[in-house]
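Presented sequentially are two complexes of subunit A, the first with subunit B as partner and the second with subunit C.
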Partner chain A sequence: MSLGTQGHGTAAGLVTPATIFVVLTLLVPLALLFRYSLNAFVPGQFMVDALTLENYVKFFTDPFYTAVLWRTFRIALLVTVICLFVGFPLAYVLARTRSRYKNLLLIGVVLPLFVGNAVRAAGWMVAFGAKGVVNASLMGLGVIATPLDIMFTETAVIIGITAVNLPFMVLSLQSVIEGIDRSVEEAAFNLGAPPWRMIGRVLVPLAAPGIVAGCILTFILGMNAYATPVLIGGPRFQTMGPLVYGQFVEQNNWPFGGAIAFILMTATLLLTMASSLLLRRRRVAD
Partner chain B sequence: MPRHLRRWALNGAAGLGLGFILLPLLLVMWLAFFRQEIPSFPPEGYSLKWFAEIPGNRAFTSGFLLSLQVSIAATAIGLLLAVPASMALVRSRLPLRGVLNTLLLLPLVVPGVVLGAAFYVGELELEMATEWPLLGSTIGLVIAHTLVVIPWAVRLITASLGTLNPTIEEAARNLGATPLTTFRRITLPAIRPGLVAGALFGFVTSFGNLEASLFLVGPGQTTLPIAILQYLAWKIDPTVAAVSLLQILVIGIAMLVTDRFVKLSQVV
Partner chain C sequence: MARLELSGLSKTYGAVTTVRDVSLDVPDGEFLVLLGPSGCGKTTTLRMVAGFVDPSAGRVTLGGEDITHRPPWRRNTGMVFQNYALFPHMSVAENVAFGLEMRKVPKPEREQRALAALGLVRLSQYAARLPRQLSGGQQQRVALARALAIRPDVLLLDEPLSNLDAKLREEVRVEIRQLQKQLGLTAVMVTHDQEEALTMADRLVVMAEGAIRQVGSQQDLYERPADRFVAGFVGRSTFLQGRVAEPGVFQTEGGLRLACDPAARSGPAVMAVRPEAIHLHPGAEDNSLSGTVEFTSYLGPVLELHVRLSPTERVVLHMPNRGGTPAAGLGESVTIGWPRAAGMVFSEAA
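Entry: the complex of A and B
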């Protein structure tokens, strides 16, 4: 069907079912959720119809909740930086390799993405427990006498989310590096540039779109992490994702849960937009 | 630094990155074969008995079946919606094309937990309005998962359509083929890699989806990832590791099969 020669009628007809579906199952529920967040919550009565900002005020005036938001932001930012540095060499090798096992390497990067965060968190639970791989090896080597508390710490959560998000960073970087002509690297080397200068002056500027895209994706996923903080952080470790679920399902406080959901979504979008503007301006300035 | 040393350093750093990604999966798979129940290292011995425990665990078996049903249904519906939409997005000069494209990719950007909460509220309101018991039902889950499948399908199918020269389709039309025949005989075979990739990615994201389903599952009606999460929140032992290993195998095989149809390096 070449629609270019036909009217807009056919095309509109083709795109309408999917559009209606997304509007009905995404935009309408989001609007309802926003409306809920303006309702009041009376203990014992659940939700009471109202038009108030008190849920939002409650979030930003209670140090407990602002601390949760700040912790979530801090973790997402750290995870993004680590992913960039750990992911770059892997992305570069994947982009440049002519090995026949390239597809297998790619599957190695992509497979964990689809296995689910709960299973991957289970792997870190095996590693970090009191008798886990890390403690058992360190004690076996005589480095430590008593097991370290790794589980249920912020460090463990950061390691867990980094491993979850790393494939997204690697794939974003790999796709742009593949588009960079290898001869520009050779040219820099032939002109006498040491590797670090070639990377700083040639590779990174040319790969900038992928770096920005990868960082944004990683940051968003870090802000929204759920399974990793729940399982590796434990029940008392609060970040925004588990907080939304807790308010909805455990506290039955839908208005406040809705407000937290919108604060999480807005914070993520604003920070993402701000950082991409900042990065773009820096690139123009360079 | 001499060239071969540089190469070694680079490959070493890349290997560390890949190892970091794969390490949790390898550890889980290792635990599945432990003889003792407690995950302490080094293992006291190895055993296959935990795999025999799986069929007796109703949460895992019924979770697997529900996940399979929901993902297959969601992938099928998602493709039925995404294929025509992608055709229109790539081949027409519709006004608002950019907006529509963004809208269809939006479910990827909205946080999973927010998506879950929104579905919960939406299905709750619909249930109250129509008395149709949607919450906790399989249909409620399928609707939510279809929304998760759509952006992947649209993304991969539009990418695939973008590489197909429209003049080939026009030639078929000029030779007298009806729009439907052209679609069936020219377009569909040409975008098959994109279709397969869209179906696979949709299926596995749906199968592994946790956050958006969390709010929608009812008692005795739990998907596999949520069954695994609930079990892990309680304890970690070789049984749950054995279930995880099976899930890793299923998804790994699905990806290897897809790799035969379409090179992964072209779609991710």
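Entry: the complex of A and C
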């Protein structure tokens, strides 16, 4: 009995620093931010104390801002879907390979994360710019007459964020697939399941925890992407992350910036929760 | 239920040949056991039948159809895996019905057939459970029911009992054998446990280093082993190294002269003798030797004695335990012997 209480004491002692850290660095700033978002903004006077929903109303009534929110959501969703479909085969191969070079392959997958966002974006520019490698080759081969607009488009941003998020998806999936016994797949084949039925009926259901985790991670990262849309999307391409930053730093409008930040956070949270609830419901119904 | 034929089946990984020219004919309804030491290619052979390993050479024919290069899902073989390989996210009933689901059997019929298959292994009452809620033995019986439910042309079992404890092993062993007979199934089982192999098989195949050493009944393998390896692998034997000096005389390296089959080829050879073929106090036996008891061990139905015959040679003998005081104690000098026919001679001439 005394052991039990002692154990509890130790556990509490172990988590206290982490708790304090989270409260100080995350919850306090968030609370402050929320308070600011209810303040008023008077040009020239910076921030005026108030308790108003004005900033939120402004966001949802201006089609420009709702369009930004919708675009951000669309990009995050597409990126998540692409990551899932590209990442799953990759994760499968990684999980099942008996090659001596498995660790090298793993490093290859996370390699993009070793390169900073700015460096990566510069790379994309070299590849996809009007005078970039892709356009130069295509024009040189006579396939196209005028350079393709790849940079500064939504497509470019989606490709860019996908490249950043893919490793997270692959790692989430790979660890779960590694835990699935290979002989279970063979049993399915043996019982008459062709590969696609084996995948649908055995592999995917068993990998579901990894799929959910990977999708949530990718979606959150996609919704909140900042550097990639700014660097690859160009100055006139707006998503939620850069919008928040712009309000704070360029417009000095902290209340509105705070409101947008909260809308972004809430939207991300709600969509994530809704999708996992939906998934759970479907799995129970099965 | 069909006849299975393997002809010239081989598998090579890079420079290493793990299965070499295996040819077997398994008639309809036979229970064939592949027996051999670890790494001899048993699993690889079985997996070539199931379609998980693509043969480098040779053919697999099932029910008269060449299935050598057919994918596993179009073969109708029923495999039972060593680690059960049940689908952890499906109930026992769903597991058993899976093969029928893949064959597009309508739901009511497949539920009924799954229940019937579960009935065969006496697990109907566990239909709604998840595999992890069952014991190891029950899980393996579910796996068996799952393989039987599809009415396979051949049942393939890869060490199906090795994860079970001794008592359960015996139970499931009997269960598999009874069902196989009752359903008239052709079955191929892989094991490295010779007791399991001897008790279950209609016919046995002994493999070593990827090749078949001998095919035959229990009696064939035990009484007429094809070579030294089989003599040592199936049952126990004492091996005496030496040469056939003249027709019917085997001279051991330690200098013993033993009577043997007059047909044995002269030259370097090894003689194998089964422990129960050696008698204490031989009568009119063909070989009679004196030695010292060096080791005794009480095995229940038999007593085991190790008797030294020469500085380099010692034989193991089993004598029936008739109770009372042991016939020979440690350190005692004894006379032992065995009939001429019990000395199996394998020529080792290059």
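General remarks:
The rule we apply is simple: the second predicted complex is superposed on the first by the 272 of 286 C-alpha atoms of A that agree within 3 Å, B and C clash if a C-alpha of one lies under 4 Å from a C-alpha of the other, contacts with A are read in each partner's own complex, and residues count from 1 in each chain.
Criterion: contacts are C-beta pairs under 8 Å (C-beta built on N, C-alpha and C of every residue); 3 or more make two chains touch, one makes a residue touch a chain.
A quick note: this is a predicted structure, and the numbers were derived from the prediction, not measured.
Look at A:N224: by the touch rule set out above, it reaches subunit B but stays clear of subunit C.
By the touch criterion defined above, A:R120 reaches subunit B but does not reach subunit C.
Of the two partner chains placed around the shared chain by superposition, subunit C is the only one that A:P205 touches, whereas subunit B remains out of contact.
Of the two partner chains, neither subunit B nor subunit C is touched by A:V81.
Of the two partner chains placed around the shared chain by superposition, subunit B is the only one that A:L264 touches, whereas subunit C remains out of contact. More residues of subunit A lie in touch with B than with the remaining chain of the pair subunit B and subunit C.
When the two complexes are overlaid on their common chain A, residue A:V57 makes contact with neither subunit B nor subunit C. Looking at the shared chain after the overlay, A:S183 reaches subunit C, while subunit B stays out of its contact range. Of the two partner chains placed around the shared chain by superposition, neither subunit B nor subunit C is touched by A:I144. Subunit A meets subunit C in the complex at residues 181, 183-184, 186-194, 197, 201-202, 205-206. If you check the complex, the residues on subunit A that touch subunit B are 1-6, 8, 10-12, 14-15, 17-19, 21-23, 25-26, 28-30, 32-33, 36, 86-87, 89-90, 92-94, 102-103, 105-112, 114-127, 129, 131-133, 136-137, 160, 162-163, 166-167, 170-171, 175, 195, 220, 223-224, 226-227, 230-231, 235, 240-241, 244-245, 248-249, 254, 257-258, 261-262, 264-265, 268. On the side of subunit B, the complex with subunit A involves touching residues 1, 6, 10-11, 13-14, 16-18, 20-28, 30-31, 38-42, 81-82, 84-85, 87-89, 91-95, 100, 103-104, 106-107, 109-123, 125, 143-144, 146-147, 150, 154, 166, 169-170, 173, 179-180, 182-183, 187, 204-205, 207-208, 210-211, 214-215, 225, 228-229, 232-233, 236, 240-241, 244, 247-248, 251-252, 255-256, 259, 263-265, 268. Contacts from subunit C toward subunit A in the complex involve residues 50-52, 71-79, 81, 83, 85-89, 98-99, 101-103, 143, 146-147, 150.
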